[in-house]
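Across the two complexes that follow, chain A remains constant while its partner is chain B and subsequently chain C.
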Partner chain A sequence: MKKKILLPKLKYKFNFVNFSILIAIVLIIASWMFIYKVDKADFGGLFTEKNAFYAKKFLKGMFGIGEETPAFKDAESWKNVLKLTYETLQMSVMAAGFASIGMLLTVIPAARNVAEGKLTLSKKWYNWILFGFIRVIYIFSRSVPELVWAMIIIFIFKPGIFPGALALAIHNFGIIGKLCAEVIEDTDLRPIRNLASCGASSGQILIYGVMPAVMPKFLTYILYRWEVIIRTTIVVGFVGAGGLGMDFKLAMSYFKYSEVTLILICYLFLVALADIVSEGARKLSS
Partner chain B sequence: MNKISHSFDIHKKTILTLLLILAFIWSLFSVNWGPELVHTGGKATLAQIFESLFHPQLSSEIINLALIATWRTLSYAVAGMTLAIIIAILFGVLASGVLAKSELSRRFSKGVFRGILGFMRAIHELIWAWLFVASIGLTPYAAIFALAIPYGGILGRIFADIINDVPKEPIEALYSAGASRIQLLFYGYLPMAASDMISYTMYRFECAVRSSTVMSFVGLGGIGFQIQLALQDLNYNQVWTYMFFLIILVVLIDLWSNILRKRLVE
Partner chain C sequence: MQQLNNIFELNNISKVYERKIAISSLSLTIKKGELVALIGPSGAGKTTLLNILANVLKSESGQLLISGVLSDKYNSGKKLAKKIGIIRQQFDLVGQLPVVHNVLAGRLVEWGFLKSLLSLIFPQEKELAKKALDRVGLLDKIYEKTSNLSGGEQQRVAMARLLVQKPEVILADEPVSALDPARAEDILSMLTKLVREENETLITVLHSVEYAKKYFDRIIAMREGKVYFDLPAEKVTDKLLSDLYDLKELN
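On to the complex of A and B.
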């Protein structure tokens, strides 16, 4: 008698990773085709003589060649730009502060385990509504870039540091809120159960159980976002929100390229400073 | 002395928190708080903007325009990311120093390429965009290059860290079997680092879409450009329509990358 060999059936299994790679490839091809065909972006056209001329002129201007007193050798413009750098620093700190305050006020109901009532051990019917509402606000404020927020806010406030800080704060509020809500979701439940079995009320659980556990991570995230905010302060200045960005825009529009160089130097210095400070503070908090 | 440093150790978190709060208060003094902070009629504008949030303009013409603009934004982001990934893999491998033979050359390639990557990501993409527009003119390539450089810098640095963090045992096994440096890279480091690299790239892709929106500010098209135009027309209903398209795009990409990251971890 012949023995029948049972072959394992080949079954097509949906593999999300492979599917994603396929989508990514399709997207890449479609995008490049679109840019090439519809937007008629000619790659060879980048290397024309006209472009080379302008690029050379621009680079020369940035290094201050052919200018009597380039801005980076002029004491007066140094003073001006340093003052703006100081303002930009203040703006970034203010933005990080506003974002943190907003986050601290909303983050607790935005955590899934609070909404389920696992963390505070008290189930309320409105917890889920609050959770959904705050999460939608987070998504909303996070999805819109800070520059677009600045464009809108500038209609309401007069140009200056405050609207810029507000725009940065709104965007970062969404990001920081999401990150910190995830921190609360990951907290260890054991100390909290311990507190609850000792008879602590839900408010006491929050203050003595949750807060000490999550605060160091909150600080780390706030510092990390502050680093990013410093980088973006220059951008919100473009629409008239003060600081280095506004001067950068003006210098660009007046073709004062050596001043652009000066502003970029101060900007890079500020970014490096933020890196060092936040690194040091993070070491202190861990 | 010991006592002081001990008590500092206990209270350092409190001190840090206090310092941060003080810094925030210091920053508040820079603003001249008062009624002149708000435009005359600013409150009315705020009410108008808020009211139009619930009445976005949804005529088919606007939706058509928004769809095309959204696709343009997405395609710039995708194109910029492809270049960024290429840059990041090249520079990231070099910055991780796994290709170098001697200790000295390893240090050298690490130092130099980490420095380059650091410079690339230190400058914001919009400033790159402006510098490119000033030198090569208003072409989509200005947006693509401007996205590719800072994102290449960020991705490259993370790729280098991921490659340096792979477990060393399989690499040593390959090495003792006689694999060359290049073979070590392709059969040892990259396969092990791939899933982390993909998940981080997906996370950055979402950011790239947002950055690509902002490119419109220097005159390059896309959804940001439409938002800007509508704002200049004071047509807030249209502004919100475009905003909703942008938010939907970002949320969809966020969902995709979340699911993909979960599958990659499994």
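On to the complex of A and C.
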């Protein structure tokens, strides 16, 4: 006789993931139906002759067709744009540097396990106050977009790369601070307890146990944010913070499309450079 | 003065974890220079006892004398570190630092903050680290990143740190549980040899009865928070051991 295998009865329980997938499908279908039926969207409207004409004109302009000396063939504009590229690089390094210095000065009390006294094995009454205060600053500085910071700062200072760098630094300070505080919160406690049993004070635990463990991850985050900052310089440039961003805006307003191409090429270079540098630094630190 | 010869004196020590009794009124004396193995089935309270001896855990009742002084008197980490050194599994070293700094961490108890900071750039008292690493046979790995070392080598670095720290007692919590038998024997024989040479006391939690009999003078067996037997290693019989690890619950 065959042994009968009894399966336990399947129970239908509420499953958050399945439920969310279902809701997502319903939402996608419903929103497309809304676009078609209620909004009467017309995709044909995107591909009119008029739009095609403008697109063609813009692309032709970007490739410098019909222009006597397109900007990317002109030595003078190369010189000008390369100078701006260098300025942009300066602005991004300054911004990443300021943000990192600010982060390094504040990140330790901003970690929950430090506030609880678990990490350095010393508990002080002001730990939680400091923790809350710094975390609020982090939230405030990163919740205001770079563009808004730039507009405020340029309103106070005169336009230039320094206020641009400052605006980028303030916004990224909040982001790097939060990320790095979380790195500290994930530190392995076993080596730290052992250092404590060797009689290390909380300062010594910090430099022997915590710093070496978190620094490689800090570096990764800082370099990643640096790459983001390079790209964001274009946005703060729009409001007068200098660098390539400001030139980009001017080129667009004066219909100098070939110069737009040149600026985009320079951005490509910058991001590639950031990539190479961060790759190299990560290899060295690991 | 008989008391000065006793490094640990426990009187009716009890420890309770949320209604579960880990250790119940345990009394023990450990003399200077003894090599003690703590054995017993899982959950018998061996590690709890070790943590109480290390002054990491406080007992609910009873008193613990370390070198004749009440354990509460050792309120600073520095004072305790000169008495007691701890070695656990291999995850106790800072993996990102070179070996030399992990060894010199044994000197942190003597150093101030600035000297420790300087040492991270220019290793201070390097001769000490060199000597200690030479004794555990790892001198060639002095500038290697610690996490690149194998488990056995990391335990040897931990021993080199203890040589630099020079505590009076070493408490070891399953120091070889993550190692294969050959490496485990290597580490245990080295540890017991160094402890004998340095005239220190060693208390080790072990899972292997075989190693306990081979390398230690005295075996303390624990079961359900109590001392099941406490005998010189050569007097431990197979009958006692099979009773100790018997799966039947004691009444």
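Quick note on the criterion: the second predicted complex is superposed on the first by the 242 of 286 C-alpha atoms of A that agree within 3 Å, B and C clash if a C-alpha of one lies under 4 Å from a C-alpha of the other, contacts with A are read in each partner's own complex, and residues count from 1 in each chain.
To be clear about the criterion, a residue touches a chain if its C-beta (ideal position, glycine included) is under 8 Å from a C-beta of that chain, and two chains touch if they have at least 3 such contacts.
Remember, it's a predicted structure, so these values are computed and weren't measured experimentally.
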First, second, both or neither for A:216, with chain B first and chain C second: both
Touched partner set for A:204, first chain B, second chain C, both or neither: second
First, second, both or neither for A:194, with chain B first and chain C second: second
Which superposed partner A:94 touches (first chain B, second chain C, both, neither): first
Touch count on chain A, higher of chain B and chain C: B
Touched partner set for A:137, first chain B, second chain C, both or neither: neither
Chain B versus chain C as contact partner of A:104, first or second or both or neither: neither
Which superposed partner A:265 touches (first chain B, second chain C, both, neither): neither
Chain C-contacting residues of chain A that also contact chain B: 215-216
Touching residues (chain side chain A, partner chain B) in the complex: 16-17, 20, 27-28, 30-32, 34-35, 39, 41-43, 45-46, 51, 54-55, 58-59, 87, 90-91, 93-94, 96-97, 139-140, 142-145, 147-148, 151-152, 155-158, 160-162, 165, 215-216, 219, 222, 231-232, 234-235, 238-239, 248, 252, 264, 267-268, 271-272, 281, 284-285
Footprint of chain A on chain B - complex, ascending: 12-13, 15-17, 19-20, 23-24, 26-28, 30-32, 36-39, 42-43, 45-46, 49, 71-72, 74-76, 78-79, 82, 122-124, 126-127, 130-131, 134-137, 139-141, 144, 210-211, 213-214, 217, 221, 224, 227-228, 231, 239, 243, 246-247, 250-251, 256, 259-260, 263-264
Sites on chain A touched by chain C in the complex: 121, 188, 190-191, 193-201, 203-204, 207-209, 212-213, 215-216
Residue numbers on chain C that touch chain A, as the complex places them: 54, 56, 77-78, 80-82, 84-86, 88, 91-97, 101, 105-106, 108-109, 111, 113, 116-117, 120, 161, 165
